[in-house]
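Pasting the structures here.
Heads up, the next two complexes both have subunit A, just with different partners, subunit B and then subunit C.
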Partner chain A sequence: MPAVTETRETVEKLAKSSYEWGFETDIEMDIAPKGLSEETVRLISERKGEPQWMLEWRLKAFRAWLQMEEPGWAHIHHPPIDYQDAHYFAQPKKKPGPKSLDEVDPELLKTYAKLGIPLHEQALLAGVEGAEEQRLPVAVDAVFDSVSVATTFRKTLAEAGVIFCPISDAIREYPELVRKYLGTVVPIVDNFFAALNSAVFTDGSFVYIPEGVRCPMELSTYFRINARNTGQFERTLIIAEDRATVSYLEGCTAPQRDENQLHAAVVELIAMEDASIKYSTVQNWYPGDDEGRGGIYNFVTKRGICRGARSKISWTQVETGSAITWKYPSCVLAGEGSVGEFYSVAVTNNHQQADTGTKMIHLAPNTRSTIIAKTISAGHSDSTYRGLVRMQPKARNARNFTQCDSLLIGDQCGAHTVPYIESRNMTARVEHEATTSKISEDQLFYCRSRGLSEEDAVGLIVNGFCREVLKELPMEFAVEAQKLLQISLEGSVG
Partner chain B sequence: MSDFLKIQGLQARIDADGTPKDILKGLDLEVPKGEVHVIMGPNGSGKSTLSYVLAGRDDYEVTGGSATFKGQDLLALEPEERAALGLFLAFQSPVELPGVNNANFLRTAVNAVRRARGEAELDAVAFLKAVRAETKHLSMSDDMLKRAVNVGFSGGEKKRNEVLQMRLLQPSFAILDETDSGLDIDALRIVAEGVNSLRSPDFSALVITHHQRLLDYIVPDRVHVMAHGRIIHSGGPDIAKTLEKQGYTQFLEAAA
Partner chain C sequence: MSTHSPVTQSSCPALEAFVARAAGQGATLLENGLPTRRVEAWRYTSLRPIADTAWQAADVLSPEVVSALLARLALPETGARAVYGNGGFLHEHSSLPESFSPDAQSLSPLNGIFSATLNAALGEKGLDIRVPVGEDAGLLTLVSVSGGQNVSTHLQHRIVLEDGATLTLYDVNVGDGRYITNPRFDIVVGKNATLRHVKVQRESLSATHLAIISADVAEKGEYDSFTLNYGANLARHEAVVTLGAPHAMAHVNGVQIIDGQRLNDLTSMIHHAAPDGSSRQTVKTVLSDAGQGVFQGKILVDRVAQKTDGYQMNQALLLSEQAQINSKPELEIYADDVKCSHGATVGALDDEQLFYLRSRGIPETEAREILVRAFLIDALDLVADEVLRELLLRSMTS
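So, the complex of A and B:
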């Protein structure tokens, strides 16, 4: 029997083994009734103790959203989403939020322990093999459902002048900063899901790195959806002033459940002169059962702007979860000589659908962008890479290099590459390379003859295929990402 | 012990674009424990096929005969189970694994085999120590550990990498399929030494080669001549010299 057939069968068998991290935590929740109306928006704003301008901003977004339609162009299919059939606000009942880890509900800590999330610095600093470069400690802002409940390392960060807090705290404590930047990269009316997010976002992170400061630690948020039928609307805003540097990690897992869950996050990054923002994501939301039922719908708007000269924004993502992923982290290169990067691994298995990619918008001269997208499809899954590179008239000598590689496991899956190139400047140069390959019988046999199981062999080959992207991840994320790749292809690869 | 590796009447075929093609046509061969045997034979006679069938490659269909190793039905085992049992194949054409770090590959393999054999896994430090000792032995640069498995390796480097794997995996029975081809004279000596230093009452090898000169370095217990999917003649090391002078004709005629 050819290995691919076997592989497919193993995938099917293994997909039935339940989602490793699909558990639910029993914590008392404060939940708003189902449905979305102006009432809901007002309730959220009131519960968050927001100033009037914020409420008005939300209402403007809500009214705009009512006039908008869901985008229909992505290469994905799903039953219509009933926006009235979800809760838009849920938070653990224990209030006010704990000030230290000791105050955190032990149930919650147990959840983190199950997820293997290292809340303590010691755990984070525990030696990781191959960690050659000097590693920064990690500050964790854990988002549990809609409210950040544990934030560590605040003090060290405060000493460096770094602000890292839940965005709802920032709205109250740093209103002038939030008001100045919120919605400047992703405007309220940018798209259907961004408008929805603007109206009802309940949490997310706020990061501010002052001029000349190199953030002394990696900033990390672990997302997790826990309440049944709660839409998750995160809003993240990161600002790096002149010559500031920050690396931000985002990761998530979600418990197994029956109904599809909507997730529509918005992330905005702003890099000033010579500033650098690195944003890394390992995304592992529940993909649904082997028929795709019950998985997370992930519609995300992530965009960064390189406002200052020579600034740099780098997106790295490893996507293994969700029933549906719709996501295009983008860079607007407005500062002369600024740099945008996008490194991505997207894995789909069973009936997962992913439509992801990036947009690089070159506005200024001498801007450079690099896109490395690796797509792995197994089972009956379908994956589309969609990338836009736009060279505006002023983008003299701008450069883009794009490389898209697809790896197919089995013959029931699909991979599509859709590059859009728009060049309005004669001196700009755009290069695009694309490959599609399969794991060969030769490779599998070679590995197995050395004692590796077929599964380990596929894991090894897949990790090799993704190497250029994985090496961009901070060390502890890279290790986690490798594990995730293996888990998500388990059997798929069998 | 005579039934260390025992092959009887082995027949195997491959699906060549829809039509089955018989390649092994009733092959008999025994390699006792502690012995090194050589197989020589014309191109296309089925030597590599034999090595693949023994290692468990599943695009060959075994249509008859048997192969036992250490008393077990070899043909019923998965490739990785054969490796765990102590079988190793040095490939005639080693396979490239893009992006897969060679050191990581070696360590994964070593630990998979150790686990299966009930031995403790090697941690990174112990492994690196073991590997460095071997690479030094084989005059390989550390650079080759950092590169992707076989990617961009020269012919000779690939062969040395096979020998490195053999030494790390500590097999009790190794098949070397033309490991000497494409080696310069120094490399040949190094590789031969890599095999010779493994020789012990607990280690056997089946060395497939076209070159009599290899036998100046690895002195075999027996030499077999293979043609048309069978062993047609067996004898002492001196057969190789006859072959070198007169070619396969006399054996082929005698077998006909």
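So, the complex of A and C:
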């Protein structure tokens, strides 16, 4: 079977291809000493100029974290993480309060340029004033290491009444909102990594969409880990009031480095009556070298609650990066007739490990959820879909449909499916199906016989395999996601 | 994946009694205690109902009790028969060929599976069967009757089919009273051999049934099983089937009918450890009242097990407001050239189907019965032996 052999060879070739976006920016940093203690938590809170209640909240989380154990149930293996051997606060040194991008460190802007982020307004607008509205622009709240450096489009958003700012600003400027919602979806004691995040989170985004407002643009944040040995602990909080609509995009790349970096973000979404939140992620952190050394450890807690009737939360993710991905974006469907969606593509290669999936908790009548998870494993990687669908006694006429498909490329990788289905209501209906296979020789042969090269054929088949998920991404992301898929499976996918 | 090893539970009367009964090495087997629901393999099935009782060794059943229990059963008229009462072999009710012995050697505990550990610690001698090369041993009916209060039995059966041998085992479990049965089957299926294992679990509604089956299947061998879980207050039927040579095959099918406050659990692990194996699994569960159903089915495909063909389907039908189903179909796959799939559905009876039958003049109760039976018959039809299928159907409807 030459086709198979060739595919394997190309995948092996890919293993040798280096991480395209691995570079490091030489920039002055303000770094807290290594280690994690109450002192670290106090230092972070102080540097952020936080009110007393926030410090207490963090300390409560830190004390809870000390009592908790790292979870061991996921299908992942890694050397023990030394939580004392990392910096918990790193901030690019800057002049106090840059009012415009001209004041921003040029090194920083160069980094963004390499990533292709349309941060600079001149780049985005090509010097044309008022082009904002015509081009359906993307608002970028860029996180450079731990601190948001610049936020664009704040004015346009403010006119619509939308609040979109770094969460540390929100804590200072809208304390009543933050205090009311922070930790209500992911409680500080939810899990080990969420507790850690609650104690030491340094930045992230805060979004508030008032009643009846359709957010005038896609909101996006680019996370980027830059400083050596700094863990990143973003905290994102998105609130959509009655009849509000928002689409939020999150994308990640990180420079190449030797040591594993811990990343433990928490994202909380709250949708009120008839509100709709769409949260899309493209994750492309450094996965480690061919031997699996040096990649990012990504332990994320993402959860949304549909509080109001007919509200909707939709998660879409394309996961190609990180040495370890531990991530279960979930929906709590508490409002009658609310809808939860989860669309996922997870690609693993070399020695990457991904244990990802979702939880759909149906609490109310007539709630609906859809789960589409596509997993592609190559090289020596392991990929697991782990999902929970729970129908509570009050979830009358609730519906769930789940489809999990796994594609294996090469005989040294693994693909696993672990669904949990729990129903306590007879009128609720749950359907689950899963398949595991390799790229079919028939399909390959068909494409080849039409004159496609092996690489193009595999690319076509993989794109078709992921199509149901990719089409859920906003336009801006769909292109990037396709590119990422190609890079991740370079060689085999053409 | 988390480990399956039990975690220590603070001292409980059941554990203390088991340890006291187990001699020497047996006691050390139990040092991890009873698994709690924090152990992944037991997350849906709580052993709490047995924890507070100091389970004792069972007394010999009186002939009257045995006869009364046997009289309830419809058993095949042909074939060999072995009857055990409270763990003891009952010669007067049995008819075994000379090559079959009722006294098996003690069996090793299966690593980390609690039902096997408990059985190894307290094991009682069960059937020892070896079907010679190429022989068709026909049908063997194994009846285990139990009775008494707060007693437990732990039979150990060993069944070896040499190359090309064939055997059909009809495994019936009944009883009266509050007891634990904890049978273990250690099964070896040789090259081109076929074992059909049809089991009926209709224990007393106060009983606990913890069965553990391990089957190793050789080249082109076949382990074809069907289990009816329709009894006991708490029952777990657990099967670990290893397809260790090319072209081996496994069927682990079952039906669970759960009413009252009962919990029935069907847990299986099909381990494809060699190329070209195939496995098929269909499990159907019907729940009414406040019944709780559990299905945990894992298909593990090793890196060497290329060309594996695995299929698993599990469906649950909920007929009441309080019924509850927990289902975990699991694929763990390390080989790329495989075809593995699973499907699961949970829901109530289809209103449209019901309406169709009612519109043909069939009363609602009867229409429901027809639909429930139609739901179960898919799984039952997988039992090849017609006589046994008929007996199963009678067990399911009585």
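Here is the rule we use: the second predicted complex is superposed on the first by the 457 of 494 C-alpha atoms of A that agree within 3 Å, B and C clash if a C-alpha of one lies under 4 Å from a C-alpha of the other, contacts with A are read in each partner's own complex, and residues count from 1 in each chain.
Here is the rule we go by: a contact is a pair of C-beta atoms (placed from the backbone, for glycine too) under 8 Å apart; a residue touches a chain by one contact, two chains touch by 3 or more.
All figures in this text were calculated on a predicted structure; none of them were measured in a lab.
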Which of subunit B and subunit C A:L452 touches, first, second, both or neither: first
Greater subunit A contact set [subunit C / subunit B]: C
Touched partner set for A:E431, first subunit B, second subunit C, both or neither: second
Subunit B versus subunit C as contact partner of A:P80, first or second or both or neither: neither
Subunit B versus subunit C as contact partner of A:I421, first or second or both or neither: second
Contacting residues of subunit A [partner subunit B, same complex]: 1-3, 129-130, 440-443, 445-454, 456, 460-461, 463-468
In the complex, subunit C residues that touch subunit A: 1-2, 40, 303, 306, 316, 318-321, 323-348
Footprint of subunit A on subunit B - complex, ascending: 55-59, 78-80, 82-84, 88-89, 91, 94-101, 104-105, 108-109, 112-113, 116, 124, 148, 165, 169
Of all residues in subunit A, those that touch subunit C in their complex: 4, 72-73, 75, 391, 393, 406, 408-438
